[in-house]
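A, B and C label the chains in the order they appear, each numbered from 1.
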Amino acid sequence: MTDTARQIPDRLQSRASRALRSWETLLLAVAVAIFIVNSFASPYFLNAWNLSDATFNFTEKAMIAFAMALLIVAGEIDLSVASIIALASTAMGLAVQHGAGTPELVAIGLGVGLLCGAFNGFFVTVLGLPSIVVTIGTMSLFRGISYIILGDGSFSGYPADFAWFGQGYVFWVITVELVIFAIIAVIFGILLHKTNFGRAVFAIGNNPTGALFSGIRVARVKFILFLLTGLMSGVAAICLTSRLGSTRPSIALGMELEVVTMVVLGGVNILGGSGSIPGVVIAAFVMGLVTFGLGLLNVPGIVMSIFIGVLLIGVIALPRLLAMAGGKRRAR
Amino acid sequence: MTQAATPVVSMDAITKTFPGVKALDRVHLNLYAGQVTALVGENGAGKSTTVKVLTGIYRPDGGTIRIAGAPVVFANANAAADAGITAIHQETVLFDELSVAENIFIGHAPRTRFGLIDTGEMHRAAETLLARIGAPFDPRTRLRDLGIANKHLVAIARALSVDARVVIMDEPTAALSHKEIEELYALVDKLKSEGKAILFISHKFDEIFRIADRYTVFRDGAFVQDGLVADIDQDILVNLMVGRSVDRIFPARQPSLGEDVFQVVGYSHPTEFADIGFTLRRGEILGFYGLIGAGRSELMQALFGITKPAKGVCKIDGAIRVIRSPADAVNNGIVYVPEDRGKQGAIIGLPIFQNITLPSLNRTSRSGFLQLAQEFALARDYATRLDLRAAALDQDVGNLSGGNQQKVVIAKWLATQPRVIILDEPTKGIDIGSKAAVHDFMAELAAQGLAVIMVSSEIPEVVGMSDRVIVMREGRIVAELAGDALTPETLVRHAAGIGAARVMEGA
Amino acid sequence: MLRLIPLRETILFGAILLVLALISTRFAGFSTPTNLARVFNDTAPLIILAVGQMVVILTRCIDLSVAANLALCGMVAAMVNVALPGLSIPVIIVLATGLGAVLGAINGILVWKLAIPPIVVTLGTMTIFRGIIFLISDGTWVNSHEMTAAFTAVPRAVFIGLPVLSWAAIAVVALFAVMMARTPFGRSVYAVGGNPHAAVYTGINVGRVQFLAFVLSGALAGLTGYLWVARYAVAYVDIAGGFELEVVAACVIGGISIAGGIGSVGGAVLGALFLGVVKNALPVVNISPFWQMAISGCAILIAVAFNARAGRTKGRIILKSSEGKA
């Protein structure tokens, strides 16, 4: 019955040809284009220190974006990440008032992040509620708790060595945050693309029922993903608080939407099932370049967001417009 | 019933291609007023594509559709509906949150002077339609509160409300009880007497010969033959479908039964099944028969760990095991090939090889890291063993035909080297050729020492393949049949509860 | 079979009454008709937007750009009023509503014709609309003394005991209640949300229904934009910042399912009223307003958990003994 001459090949196209036509390549081209435009637009652009400072535009958001990318690939979302930053930062500020040192602050920042992630995870995986509304709720709750603790005020007085995270440099011009960003990118890249766990994430995102019926512990995987976004929010909280040197309840307000923008710009399908970490890395650079370049031209932040908004919609709309134009000749 | 009458709808040389696949290749199909035409073909023959072309979901790439002789082009589903073509699908495709009347009239509700929906008139008209087809419920009922048979009735009422000329029925009896099926046949006769042209798609030969006047056979997207049902018989039809003579013979088996591998005692669920107990031996094929809704799939899903039983014990190779999740089940060598291939079986969006290796990743990977070479090797091995037809192993499993997707699902589970394999309606919706392949395969698995549980609603399959059959009714085991006691009559009697209640017969 | 929707709203109504009763024990003056009317008036913008968002969510979409839409239309209305003081207010209202509808149409077109997921579209337009406010106003504020008296008077003008702002909310609620229950469009919204696949088969154009939902949501946002800047007599870039999440919260608390197809105008109104009552009650019972955010957060979580439980079935009923239907 079997015909060895008709054996099924492993792949139809080479991996190289598939890579060439991918989203990441398109985005990389956009990134390069923006870089070139920026270098002509402002004389201050091609300066190592300025570029280094520019990385702050995206490093903290990207740290969260990597975890968020995995979560979105799995078909969920976490809109409470910025509020977790607020709560973690507030907790650290409280700890400082009670004389905590840097190691304790790091532990608290990460711990609060994990706890918030577990809280989200519980509602979504144990109670089975839709993550978008749960995290809209916790978004209010977590930041709300920060407001209850801090009100209108702020915490400062962080220990001097705490500033290393957000204000430190290694290897001359490379910031500590950039290094942390790179390490996290590599870890999440390996996690999503090279491990069984990552394969499970893709399976769940494509068909949660099918994944369950295939023996994947869907609830456990999703819970871990929420823990990860919580944890990364904690890491971002440490970096951001360290960089600013103070805490207000309004810290990182609105950041969740920038994180989601970064993930979607990176080619991750908001509906789940596909995406890549390299894509998110490039998207982080694209967003950083745009905001930095516009900043050099003294464009106000709020107008910058127009560019980001247009970029977000444009990058997704363009392939579809092209497909429509091409397909018009054929009858549907 | 004149041969020369103009068909109400005709498809002339219709072609429809998708990337890499020619779903329809210059096919012909004629539907006549007041007659039932059966569209017959294996899986992948092009039947569902035909339905989508007729209902305006797809535009054909070539050929002409004619209504009463005049060529038409359906720009969209609305246009087809306006032309009088409606379809009733296996899973009724309506709105649970709306009322029966709203479901019947959505898209064409009667209006008052101000453009608002005239609810009074709508309910009146709905009542009339429901009475016409003998439907016993209130048009104000929310659709969600009705059973599947009644939902079909609503769909038919809707077809009547748009004064459809053509009613397409796509496997409408799949989820119906015997009584409901007879009622449906009566309804079809009524629609015929009203002059509707009916396209009836079914895999069940007895159904085809019972209600169809004409037949059209497709094979691999091409037209093979059409004609009057009176002029052919089952064998000819099968021959046309498959292109070769296929005897409905099941593989001869010499079951050599080994020791008990799987034992279930007192399994109960609050609402789905109670007091389930049976033993399974190596090399055995245990059939589970029952009416739809008897609780067989629910039991199997509990055995597989999808749902949790309220009480009960299961033993594997004599040792008690607790199965709380599919992962537990797989670790204990129990695997489940589900009935719903698309949603529960295959993961569409992932490539074939990843589907096959998904439960076996801890064997192909190293310390949690993926090893693609090992994965491809494993996938290649099982793809060859099951004679899978696909362009490449890294293609999306969603591109495969139903029969091949089923092979991927089976391959996936065989790769875990299970002890017990549960197959839930394994040949449902699959063409005859592939059915025979699956049956041969099951026999081979049993011969190799696997224990096989087969849930099936097809009597020939149950009788032909099983060593023993357990019959379930309303969540309980009502009979265990084997040998001479295993006949279609006893199966049906126990499943429907005719005669004595709980009988244990064995050989 | 229990009809779950009225039950859900009845419970929510009960919860609101409970909160009112609790507050009245501390401060009897809260539940007087005058004060309740004031609370209603204060909540009117949220009610109007929640009704619009309900239509969008019913069609399985979401509109995160409503607050930015509101702010942009409000700023335009204010700037027009400053530039053309003679222009009659009804014209300005129509202008604001129309602009809101156009902005909503942009969202709608991207969702319909380019099939971009609504969360992505409205995330993008949210920032674009806000940015445009800055561009047209150059970051400056329009203050009350620059607006004409007529402009700011309209929302406050009292008419049979209630200000125009309240009447606007009542009118919108009534209009939409009729539309959702009795027009083909309204029923098609439920159809699209409940079973978009089936809706196609019945000839409903799913994309078009979603497009119209966005247009309606945008129009209401535009209208509310005028009402907001006129009532608070100020227009600047950041007005209604973050309000879109309050609007979604109102819908969620009101029992509108994020999965689409389930929800009602009554629910949206009650959800908005719940948030409004809590917001107004806090200062009265001496709870610092800083608790408001946390309380809304809890309310959302409780509402979602409750609504999900209510809709869940406990497995198929197969055993005769476990009852249900035969």
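To be clear about the criterion, contacts are C-beta pairs under 8 Å (C-beta built on N, C-alpha and C of every residue); 3 or more make two chains touch, one makes a residue touch a chain.
Everything quoted here is computed from the prediction, not taken from an experiment.
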| item | value |
| --- | --- |
| Chain whose average C-alpha position is farthest from subunit C's own | B |
| Pair of chains whose C-beta contact count is the highest in the structure | A-C |
| Geometric centre distance via CA averages, subunit B-subunit A, whole Å | 43 |
| Between subunit A and subunit C, centroid-to-centroid distance (C-alpha), Å | 29 |
| Subunit B-facing residues of subunit C, complex | 1, 3, 178, 182-184, 187-188, 190-191, 194-195, 197-205, 261-262, 314-322, 324-325 |
| Residue ranges of subunit B in contact with subunit C within the complex | 55, 57, 76-78, 81-82, 87, 93-98, 102, 106-107, 109, 111, 115-117, 119, 142, 145, 147, 269-274, 293-295, 298, 307, 474-476 |
| Subunit A partner contacts - residues on subunit C that touch it in the complex | 62, 64, 110, 114-117, 119-121, 123-128, 130-135, 139, 237, 242, 245, 248-249, 252, 258-259, 288, 290-301, 304-305, 308, 312 |
| Residues of subunit A defined as touching subunit C within the complex | 123, 127-130, 132-134, 136-145, 147-148, 151, 253-254, 257, 260-261, 264, 270-271, 300, 302-306, 308-310, 312-313, 316-317, 320-321 |
| Interface residues, subunit A side, partner subunit B - complex | 1-2, 4, 7-12, 194-199, 202-203, 205-207, 209-217, 273-274, 330-332 |
